[in-house]
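Presented sequentially are two complexes of subunit A, the first with subunit B as partner and the second with subunit C.
Then we have the complex of A and B:
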């Protein structure tokens, strides 16, 4: 790694600090400025002013906002994200880590499906360009893409569980076969995008001179396609995969709600509805850090691939 | 593009793929082992082995089990009940429980001096019998000598005293202790930090406990059945003050085998339960998974709820689900409340006119598909002390118009806002129907306003609403829990501002009367007086619409929190 790149990465990493701080202050304030707090949610109909005051004192919600924020940051530096008021003082990490595992597990499977299906479909569509098969294939996947998840998540269980009896709907963990249906429902709409990107990329690469040269050398068509066209056409996929990395740790709300999966999206919704301050903040910070880091990772990967980007960036920054 | 660049590019792709793979491995390696690791509070039972077997059930085992199911005739092939539940809103600490879902689990895991049977009668639990002396002010409980915690430790009067004092300890912030135990001498002093113990709870000997009340309370035993009075294990709590609720050591018919938030709760029998151990091998509360009714049809779950869209078909007997249908009236009701101190509802005639103007029968039939019962009273039909003789204002638009014409606000109706708790979008259909019926019968335009739940509750406490839509679920099965809590001039849950000397006198007298039938008669008088004064319009009693597999025997929902799963048997004969 050149010095320019190292300096660039360090500068980028340093820039994330103010970004994260700004996000945390913003979310912290948004939560605190709402007309109610976790204690209202916790006590509900049994609210009693005296008990509420004691609880607010226990969690520190009775103190000035800036003190609360500084206290939060102080704890954060000790690796303490706070406690969940909804889950009887379970630590935030204890609440969200299992949910992240579930969502990430499903997302990895979905990602493998999306790229595993999308790339070959795109290559095939590009190769049969001009014939009726090209629009047929892409059209089929666009049709799948245009079915909203909240429709397929209702129809699919009816079809595959009740009518065909292939799957069960009870959630038994990420590794259980019952997870297949929700994973398909959340991933199939994404295939069209990858397929079209791959198709366009393959077509573009096919027109390059080195492909013509390869053909002129008398290489077999198979070799030309696999070694010259597809390998080069995969470049945009780096961006696509990189951009979807932070998405690995988010959840699909409709799928998690309709299939009752204990993932991060359902947890986020519950946390927001229950005004679980620390859990909401923890989730937002986690998501922001991931997003920022993923972007840096992509930039670095690009720097590896194309020195021009590296140099421009190093000079520009 | 040079070969070197291409190589680097492929390297970058490989790097990303490896990164994804690493994440994947991390995700899955940590996935299942959690519950066991995180729960050091496991009681050391004689049957601890059994605990371990099921704890970290790997998915492989889950697969095998599924295959077993298929071979032996679906979900009815095993002696385990699979039902649904809600994620507990608090931990399994009896003194923190404030919501129905957590209370349901807590009632199976813990027990108190007394409990409720399926007919909602107070029956002995840890106490074998009791004597009431001093005009109903002193209760002496004689404890059974064979009650043990799940870990085998014997329960004595000291444990009961500890549990009650823990509930009242100001450091524990119990939101329910004053509501249920506040009538015991010394509870308020302890709660307010003025005393170290509860003077009204005395240990007479190892198995005798005396509780003294500030005044005779005839529903005190009913209050003692609520979770806040349950017995907890001092040793466990002191050993592990932060995590004991994850595997609590109670005295109830079931123990916690697994608790995965948003996923499932599995209870297994306490084989030494003093009132007769459960008959099923485990009870699974599924907190996750797809549509309940689809899973029910797919033979994955024993108990489900009828979806609203299918209710009409199920009720008419045309649906294939009809044979599993089990309606259960709940101990709850919905109502429209008025602020009786603010115009125009400070005039009883206006309130009565509003009550006469709504057609609840039509709303139930058309909008609810008969999912509810029109509330012809406040106390629900399954509540002990219910009377059929009570009646509410019937739908009578002409009479409604007449009453309004006689009222103070006949020609000068102020702006009226009806508030309900909800999010965006249209108000619920029934509220829109009331709005229309008031418009038609009275010529009055009522505005409907939504407000978020916590804010709704806060404004309710402050009494700022002019008119509101609300509901009430019984905490213990006694008329006092409805009439005393909502309509007594002194109750902090009386949000209408209604205060009637006659009603208060009746409620006070009923609260302290020993003779149950005479008490109920007083409550009936009070109930009719309240309805006639119309601080509220009772609208509907709720019914839960269950689907229950035929192999589940003794399945009962008494409509409120009662330990009930120990009665259940699964008929595995395949009938």
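Then we have the complex of A and C:
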């Protein structure tokens, strides 16, 4: 297995490198060719041509584009993501790491909630299929899924903080109880997707021969459902969980904006609006690499969980 | 999703309907799907007929104390906003913005790009396939909203120059100011709009091209174009529609999110994004709840309908996992 697996991972990584290089060049050009640069937004009303020229020379923005890009890549390989012009030349890592921690903390809670609710809901809907309960349950969660965050992030605080007074709205850190409301607002819309996936998976597994065999040999219904059906139906969840991993580090923009949480998504928005070249590029690259890694992890995980699936280099990239 | 679905009658083969109509017949049998289609139709009709069903110019401002932030009444059905604009008319025109945006993105992104790239990848295979799918994979991995924001922000700074140039030099006239930002957000959505449908189409093509009737057609010398158009495409179509209805809420949501942040359509163009943005935060909602409700409820129903329709369509296309 190790030989085939190593070959597979290497092939995928090799395919990924040119695509990520292409994306980095595109985003780089997109930012540099825009008629505005970080110096414009930094100086704003106090724009002075002479100062601007000196600042551009300092950051190297006055040099030809390909030199700038090569310089960026050179620094990147030394682990240097550049500096943030909006944050007095703090390095990109210094700016984004604390914000990523905040977002990741919230997202871990949200993810536990999404899967912790979605999986049982999906199993239950599958078990009661054929009755009115199944479409009712799925329909309910689809309705929750249909409420845009910028509506729920206004109505929920109004209801639970202003009317009922159960929570406060100030941000006091990720581990403070005040975080409960934003975590619920950002996770509940995701339950429908997980529930539908789980439901479909349970129904598919229920039709398998070995489930019929388990029933035929007289196992209790509970045992059949728990250890034969649900156990195997959880397999597609590996993909769902794996694909949601990169999201842990990118945050939820509207929740962070409307609840005033200093997370990475809010930072991203401000970086884009301030044309903070290195921060935007760093975030895009970070997100892309995480996604690729998550996909490879999923494939490897399948190999371990399900012995029927063998990854070979021949399967192709 | 009716409560109990009877198993398909398979005994009498002679009366079985042509498979082409099976999709439609089953759709009509599903009550929830029909309700969803009904709501979507109303939404789109409101958008198409906006100039006729609106009661006022959506941008006409009434800056008197009586008419600003007015609650719903017989004159202003949905009330008025902070600038005294009639919210009912603004909602109707917002539906129009959503309609045009989703139509343009679906036609160009999902249909033209997604379908052709998916057919190409599935039918050609090899490096073409690998290249297309890898690009899609990485594109679906970059933080979508962040990149959409970057594209939108990068092109916006020259927006006025372009708009004025278009106004002076083309037939567009005053519409130029609305069209340019609109094109920018379409451009920001396109790189992501093709991925889902290309993936669906590709996997369907891979399955269908191994079917005997396709192999038979190939054997008797049907051309690639004929194979794709006559044999592969009709088989792909139902699941392609499922994909579109599933991605609809996301596409419409992209425009709304960008407009909410002020990076979407021109401020003079009514959009659910700007409406919800104006409806503001918790305090505004407490004082003037009608602003958020009248713009929020239509868009929730719109998303809900597409989600329900998508769910029902999956039922029809993949009966194995759903009906039992």
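What we mean here is this: the second predicted complex is superposed on the first by the 301 of 317 C-alpha atoms of A that agree within 3 Å, B and C clash if a C-alpha of one lies under 4 Å from a C-alpha of the other, contacts with A are read in each partner's own complex, and residues count from 1 in each chain.
Just so we're on the same page, contacts are C-beta pairs under 8 Å (C-beta built on N, C-alpha and C of every residue); 3 or more make two chains touch, one makes a residue touch a chain.
Keep in mind it's a predicted model, so treat the numbers as computed, not measured.
When the two structures are aligned on the shared chain, A:284 is found in touch with subunit C, with no touch to subunit B. In the superposed pair of complexes, A:258 makes contact with subunit B and with subunit C alike. In the superposition on chain A, A:176 makes contact with subunit B only, while subunit C stays out of contact range.
Of the two partner chains placed around the shared chain by superposition, subunit B and subunit C are both touched by A:162. In the overlay built on the shared chain, the residue A:132 is in contact with subunit C alone; subunit B does not reach it. With both structures placed on the common chain, the touch criterion links A:111 to subunit B but leaves subunit C unconnected.
After overlaying the two complexes on the shared chain, residue contacts for A:203 are found with subunit C alone; subunit B is out of touch.
Once the two complexes are overlaid on the shared chain, A:245 sits against subunit B while remaining clear of subunit C. Of the two partner chains, both subunit B and subunit C are touched by A:35.
Shared contact residues of subunit A with subunit B and subunit C: 35-36, 154, 157-158, 161-162, 169, 258, 275. Taken in their complex, subunit C has these residues touching subunit A: 1, 3-5, 32, 130, 134-135, 137-143, 145-147, 149-151, 153-155, 157-158, 249, 253, 256-257, 260-261, 276-277, 279-282, 285-286, 292, 296, 299-301, 303-304, 307-308, 311, 314, 318, 320-322, 324.
On the subunit B side of its complex with subunit A, the touching residues are 1, 5-6, 8-13, 15-17, 19-20, 23-24, 27-28, 30-32, 34, 38, 59, 62-63, 66, 87, 89-91, 93, 96, 98-99, 170, 173-176, 178-179, 242, 245, 260-263, 286-291, 294-295, 297-298, 300-301, 452-455, 457-458, 461, 492. The touching residues of subunit A, when paired with subunit C in their complex, are 15-16, 19-20, 22-23, 27, 30-31, 33-36, 129-132, 134-135, 138-139, 142-143, 145-148, 150-151, 154-155, 157-158, 161-162, 169, 192, 196, 200-201, 203-204, 206-207, 246, 250, 253-254, 258, 265, 268-269, 272-273, 275, 280, 283-284, 287-288, 290-292, 295, 316-317. Chain contact summary for the complex, subunit A toward subunit B: residues 35-36, 40-48, 51, 54-55, 58, 86-90, 94-95, 97-99, 101-102, 104-105, 108, 111, 154, 157-158, 161-162, 165, 168-177, 210, 231-232, 234-235, 237-238, 241-242, 245, 248, 258-262, 266-267, 270, 275, 301, 304-306.
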